[in-house]
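For reference, the structure is listed below as structure tokens.
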Amino acid sequence: MTHRHKRGAQLVEQLSPGFEADLRSKLGAIAPDFVDYTIEFPFCEIYSRPGLDIRSRQFVTISALVTLGAFDQLRTHLRICRTIGVTATEVSEVIMQLAVYSGWPRALSALTIAAEEFREE
Amino acid sequence: MTHRHKRGAQLVEQLSPGFEADLRSKLGAIAPDFVDYTIEFPFCEIYSRPGLDIRSRQFVTISALVTLGAFDQLRTHLRICRTIGVTATEVSEVIMQLAVYSGWPRALSALTIAAEEFREE
Amino acid sequence: MTHRHKRGAQLVEQLSPGFEADLRSKLGAIAPDFVDYTIEFPFCEIYSRPGLDIRSRQFVTISALVTLGAFDQLRTHLRICRTIGVTATEVSEVIMQLAVYSGWPRALSALTIAAEEFREE
Amino acid sequence: MTHRHKRGAQLVEQLSPGFEADLRSKLGAIAPDFVDYTIEFPFCEIYSRPGLDIRSRQFVTISALVTLGAFDQLRTHLRICRTIGVTATEVSEVIMQLAVYSGWPRALSALTIAAEEFREE
Amino acid sequence: MTHRHKRGAQLVEQLSPGFEADLRSKLGAIAPDFVDYTIEFPFCEIYSRPGLDIRSRQFVTISALVTLGAFDQLRTHLRICRTIGVTATEVSEVIMQLAVYSGWPRALSALTIAAEEFREE
Amino acid sequence: MTHRHKRGAQLVEQLSPGFEADLRSKLGAIAPDFVDYTIEFPFCEIYSRPGLDIRSRQFVTISALVTLGAFDQLRTHLRICRTIGVTATEVSEVIMQLAVYSGWPRALSALTIAAEEFREE
């Protein structure tokens, strides 16, 4: 295991416990290297850079995912938001603002998912 | 002029001096009400809500614009970033992270524009 | 309740009975203001403007939703089409034409949904 | 020249004089068959179908082009709108409504182009 | 049945047995002509052109579908890949490369689907 | 200079002479690490993998770029196509097929650019 992999894997495990194991069970047979790339590039190279705090990084990610309509990945990252202490209100503000830029349909779908993920708060 | 319009117009003028006048000169003949909506909905209703700080709001907007490939509007919002004190480093971190979610082509085009807008720093 | 809200709410109720109540039950906890914005901006400000008839407005909306691949919202608006008397043939013509601009995959998915929504006609 | 080609070519010439010749001069060397397909599929097979009037067809096309951010093709179709008598007001209503579904950035870019194309009205 | 239809239908049946019948059962009531167009335009006019081999054509199609997030159609075309002998490794290489251009979320969703479709290999 | 960087840089230089130097001159001030990532991730990790030949990789990239409407990057990759011996006919076949999946507007814009890039052939 390389240094890059170890650093990425630690951060992923902290943000989203079980993420790497789950990914490896789904993609390990067809694309084992892509599991490694996912740990190494987004999480080691990008997320652990010092120039931007983790909360802001989650706002960026959520904004991209909502705009793309990538709602499966949105669910994963809303859980990361909860883990790092981003509140339901902040998530709601981010998505409402995206109605302006990415349109109402994306915002409505995303808020529906956020309402489910933050239900107990 | 309604209260909503006034509140939005003040915020716009602070973030992007001349924006409303410029928009009215371009769109005033074909869509005068849309100039008002732009002041009233994004700027009065959304941007002036208290639940999220203006820096985070700019990260959200930039992330959506890069993902959409809306590079004219990106330029406007990069200038707003400078006005409110977002640094070139922060903008660069946001766009690098978007390479992961929205792909390299969007990130490369956006960084090229950001390099121009933040040249003198 | 503001005048804007009342006007939007009446139009929504006419086009899509139960829409506001349903939205409030899903999003009321996480984003109550967004429920209001949805009634006030799209429905009061935009849909009730006199410059374009409601049938043409539905063609516009459906075209955007199919192009975005926003199929949940497409279902809602196909029901509005039925409510205001847009025929299965017209919907089918709109979607077939979108194959040219937005590509076959969007058109095939949209026609499959339209076939379900207009089954009994 | 097949019957399909002739029918499509007549309609194109009526909607957008010079379109086929212009397309053939640009793409004739690299993709001559695609010039034919463009005349035959969108214009013969789709646009000349009786189930939807030409004005509604233009609303559909413009909505897809704005949503995609396909602004070169938007310009062509705004000219077709003028040729068939769609007014600046109607175009403006269509694009304002698209702000709701496809987001403000697409709508602002599209209105700027529409303002240029309908300037003299 | 025209010559164009026959040629398209033969190719479809070879690539995706049952495709035309299945499409006709789903869309025959609402858009019977679109079933014909689907056989005639993509399959007769495009796929049976001699200038590009069928394997390369599948790489093109899969790349477009992943980029669009059109995952239902992706499933159909992954099956065509298996029918014509494209391997799980090749599909996996195509999708991993798309992470660069179309972003990680599309690639992760597509690899999950490919893992299901190529499970037994 | 790491081994990964060297391997990526060699491949880039072979496919697109001057690419790294050009990128460093444009982005070196604002995002120097992103220049490295671009050499290391797409070119070292992905393009130099043995499971797919370079011609097929270019078909994948072009298909994604056309679908996204990323026409600046398309130009770069059409030149790479010429460098590695992909013919104008093959490029034209790829883009014509994309009309089916990604729609006519993307295909028309892309063919116009391809006609310019392959003019002298």
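A few comments on the model shown:
To keep things simple, chains are lettered A, B, C, D, E and F as they appear, and every chain counts its residues starting from 1.
As a convention for this text, contacts are C-beta pairs under 8 Å (C-beta built on N, C-alpha and C of every residue); 3 or more make two chains touch, one makes a residue touch a chain.
Just so we're clear, the structure is a prediction, and the values are computed from it rather than from any experiment.
Counted as hops between touching chains, the shortest connection from chain A to chain E is 1. Between the contact lists of chain A and chain B, the overlap consists of C, D, E, F. For chain F, the chain whose average C-alpha position is most distant is C.
Comparing the chain pairs C-F and D-F, the larger number of C-beta pairs in contact belongs to D-F. Using the mean of the Cα atoms as each chain's centre, the chain most removed from chain A is D.
Residues touching across the chain B-chain F interface largely differ between the two copies, under half of the numbers being common to both.
Remark: chain A and chain C have CA centroids separated by 30 Å (rounded to whole angstrom). Distance between chain A and chain D, defined via averaged C-alpha coordinates, is recorded as 39 Å.
Separating the centre of chain C from that of chain D, both taken as means of CA atoms, is a distance of 23 Å. Within chain E, contacts with two or more other chains are made by residues 33, 37, 41-42, 49, 64-65, 68-70, 92, 96, 99-105.
Chain B makes touch with chain C in their complex at residues 33, 37, 41, 45, 49. Residue ranges on chain E touching chain B, taken from their complex, read 100-105.
Partner chain E is touched in their complex by these residues of chain A: 23, 26-27, 29-31, 33-34, 37-38, 42, 64-65, 68-70, 72-73.
Those residues of chain B that touch chain A in the shared complex are 41-42, 46-47, 49, 51-52, 55-57, 59-61, 63-68, 70, 89-90, 92-94, 96-102. Those residues of chain A lying in contact with chain C across their complex are 69, 88, 91-92, 95-96, 99, 103-109, 111-112, 114-115, 118-119.
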